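Below is one structure, written out as structure tokens, with a few remarks after it.
Lettered A, B, C, D, E and F in written order, each chain numbered from 1.
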Amino acid sequence: MKFGILILEGPYQHEASDSAYNFAKAVIEKGHEISRVFFYQDGVLNATKLMDVQRDDRHIQERWTDLSKEHGIEYIVCVAAAKRRGIVDEVLAENFKIGGLGMLTDLAIEADRLVTFRA
Amino acid sequence: MLHMINKSPFESNSLEDCLRYASDGSPILLYEDGIYGALAGSALEARMKEIMANHDVYVLKADVALRGIEKLIDGVKEVDYSGFVGLVEENKAVSW
Amino acid sequence: MNDEAAKLMVVFRTAPYGSIYSFEGLENVVMMAAYEQDLTVLFIDDGVLALKKGMDNAATGIKDFSPTFKALEPVYDVEKLYIDGDSLKARGLTLDDLIIQPEVIAADQVDKMMEEQRNTMIF
Amino acid sequence: MLHMINKSPFESNSLEDCLRYASDGSPILLYEDGIYGALAGSALEARMKEIMANHDVYVLKADVALRGIEKLIDGVKEVDYSGFVGLVEENKAVSW
Amino acid sequence: MNDEAAKLMVVFRTAPYGSIYSFEGLENVVMMAAYEQDLTVLFIDDGVLALKKGMDNAATGIKDFSPTFKALEPVYDVEKLYIDGDSLKARGLTLDDLIIQPEVIAADQVDKMMEEQRNTMIF
Amino acid sequence: MKFGILILEGPYQHEASDSAYNFAKAVIEKGHEISRVFFYQDGVLNATKLMDVQRDDRHIQERWTDLSKEHGIEYIVCVAAAKRRGIVDEVLAENFKIGGLGMLTDLAIEADRLVTFRA
């Protein structure tokens, strides 16, 4: 099955990104494909490489980057939502790409299941 | 449809809103702060039991453990993340 | 809309302005409309409040995005617009209070509408 | 205390939670999505009138106008931002 | 605490983990405790859930911050800890279920407690 | 009277920053002093100079910067909250300063009224 994941909230402020990450790992472990993770609204804030996290806590951006490196998952950060929140190419972490909102429509068409993580 | 609820029913109306639309028989997954709806002995237990007459109610184990909850309302089914994926394999899903 | 069109639905259930769910949900609908799929838009719960007539942003400076909701059908060709009648009534509103008049449906039709879609997003 | 409520009472319990703690006579300011509590003719109107028997209820004009609301429940008092500051001059304030 | 100490209160009313209000509210309390003011901490509504015993973060990787709540009195000398009894009861909990045992108060004492402070922050 | 303002949510996602801004302007117009605006939790995200906003919408960061320039208000962005969200000196807009959480305690002690804007 092809899964799509949509994340609407930023790191730390809400659990959405944590839940999405653990869900994504389980999707992969069950042998499914993740067509794309799409970061929209405050979700775009997960993509900054400037996050500097205390050692006793999880590093949300690095965790996402590592998951993509290991399994080749595509992460798209909505350009319109990113711009108004100050997420630009210069601060983008590895394996995140800025892309158009249309790539969310593409994902909704392509994925057998699109699962939203939100506030 | 799988109806996903992530807000505390003590604070948010999202579970009750969802129930106005959810067909009988559609499963409900409580995750994140939504799992507090499954607290045994709470003021919402009677209402949750009514809901469970028409819906299978699941809680995400990881979120239950994170919050230190041991006693769940009888009949609530626990799933791990793999079980969560299983529910989404079997059902289209919406997040309220 | 072509024969291979995917059935997709966007549901608005959040009040406008207090959070961005309504506004960025709308930007998403505008984008989806360009794809010529089989698109349905549904307003329920506090989502119906985004359609209230007479919004005036002069005292806040916050962008009034209701003109885009108004343009969904005439400009963006989104024809399948629905609204939950009970949600309207609970808020003391009727279709006459709104900038557009989606087709009124009953709450118990919603789950079936979602089930018919390839995917549904709630904002 | 001035009790500030910014969430829709159709979706959030913050107004009702606040009322469990608010002393009779303490003013309540509805702002942002909180102003929907003052919608005339809504399912919450009767409850709001009960509340207004014990509390002065204010709405922030800017947020009422932004949302296109014309008909407010009788007795709700409108304040602009200057009036909002005035309420905070007269009362210590908490945001729920 | 000195004679000139300001009376300050922090109220926890949000569930832990679902949002950061509880965790960053706690970091704020730890900082305030270092200032030797007259500090009061109150748990109400879903805020009481942050004190539940037996939290286990193994399956999520999210930081378990309950040890810091436990340390408030012994380590950070925060002595004025209160909890709304009705909030606990509504959630099917008693003081025995919690990692600390704040003094139980009734809801109708809260407004007066807030009124006595120089400032109150709710998280 | 001395006012303090505490902002707990980021720009655009919630109305908190808009309400705080309009409140701050009214406080100044009434002749009061604003001791400090403290940005905590996602509130730190208001401080990025990388925000790029469509012309028909308000630019939340620029509006705050202009208000500070005109009236000399101090803006402190909590260092701990900022770090985990990727707000560092390099992206900080004019008139915003990174500072310790203790400066919120100072504000709560000093201000006659501390008003919180939150989700």
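Convention: a residue touches a chain if its C-beta (ideal position, glycine included) is under 8 Å from a C-beta of that chain, and two chains touch if they have at least 3 such contacts.
Worth saying up front: this structure is predicted, and the values here are computed from it rather than measured.
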| note | Any chain touching chain B and chain C at once appears in the list A, D
| said: With a step meaning a move to a chain it touches, how many steps does the shortest path from chain A to chain F take? | reply: 1
| query | Which is it for copies chain B and chain D: same residues on both faces, with over half shared, or different residues? | reply | same
| query | Pick the pair with more C-beta contacts: B-E or A-C? | reply | B-E
| said: Going by average Cα coordinates, which chain is farthest removed from chain F? | reply: B
| request: Compare the CA centroid of chain A with every other chain's and tell me the farthest one. | output: D
| said: Report the inter-centroid distance (CA atoms only) between chain A and chain E in whole Å. | reply: 33
| Chain centre separation in whole Å, for chain D relative to chain A (CA means) | 37
| What whole-number Å value describes the gap between the mean CA coordinates of chain A and chain B? | 24
| field | chain B, residues touching no fewer than two other chains | value | 6, 10-11, 17, 32-33, 62-63, 80-81, 92, 94-95
| note | Expected list for chain C, residues touching two or more other chains, is 17-20, 45, 59-60, 62, 119, 121-122
| message | By the touch rule stated above, which residues of chain A touch at least two different other chains? | response | 12-13, 15, 22, 41-42, 57, 113, 116, 118-119
| remark: All chain pairs satisfying the touch rule are A-B, A-C, A-E, A-F, B-C, B-D, B-E, C-D, C-F, D-E, D-F, E-F
| field | chain F-facing residues of chain E, complex | value | 6, 8, 19-21, 24, 27-28, 31-32, 34-35, 37, 118-119, 121-122
| said: If we count contacts the way the header does, which residues on chain A are in touch with chain C in the complex? | reply: 4, 6, 8, 40-42, 80-81, 100-102, 104-105, 108-109, 111, 113-114, 116, 118-119
| request: Can you check the complex and tell me which residues of chain D touch chain C? | output: 6-8, 10-11, 32-33, 36, 39-43, 45, 61-63, 65-71, 80-81
| note | Note: in the complex, chain A contacts chain E through residues 12-15, 18, 22, 56-58, 63, 119
| task | Note which residues of chain D are touching chain F in the complex, please. | result | 4, 6, 31-33, 62-63, 80-82, 84-86, 88-89, 92-95
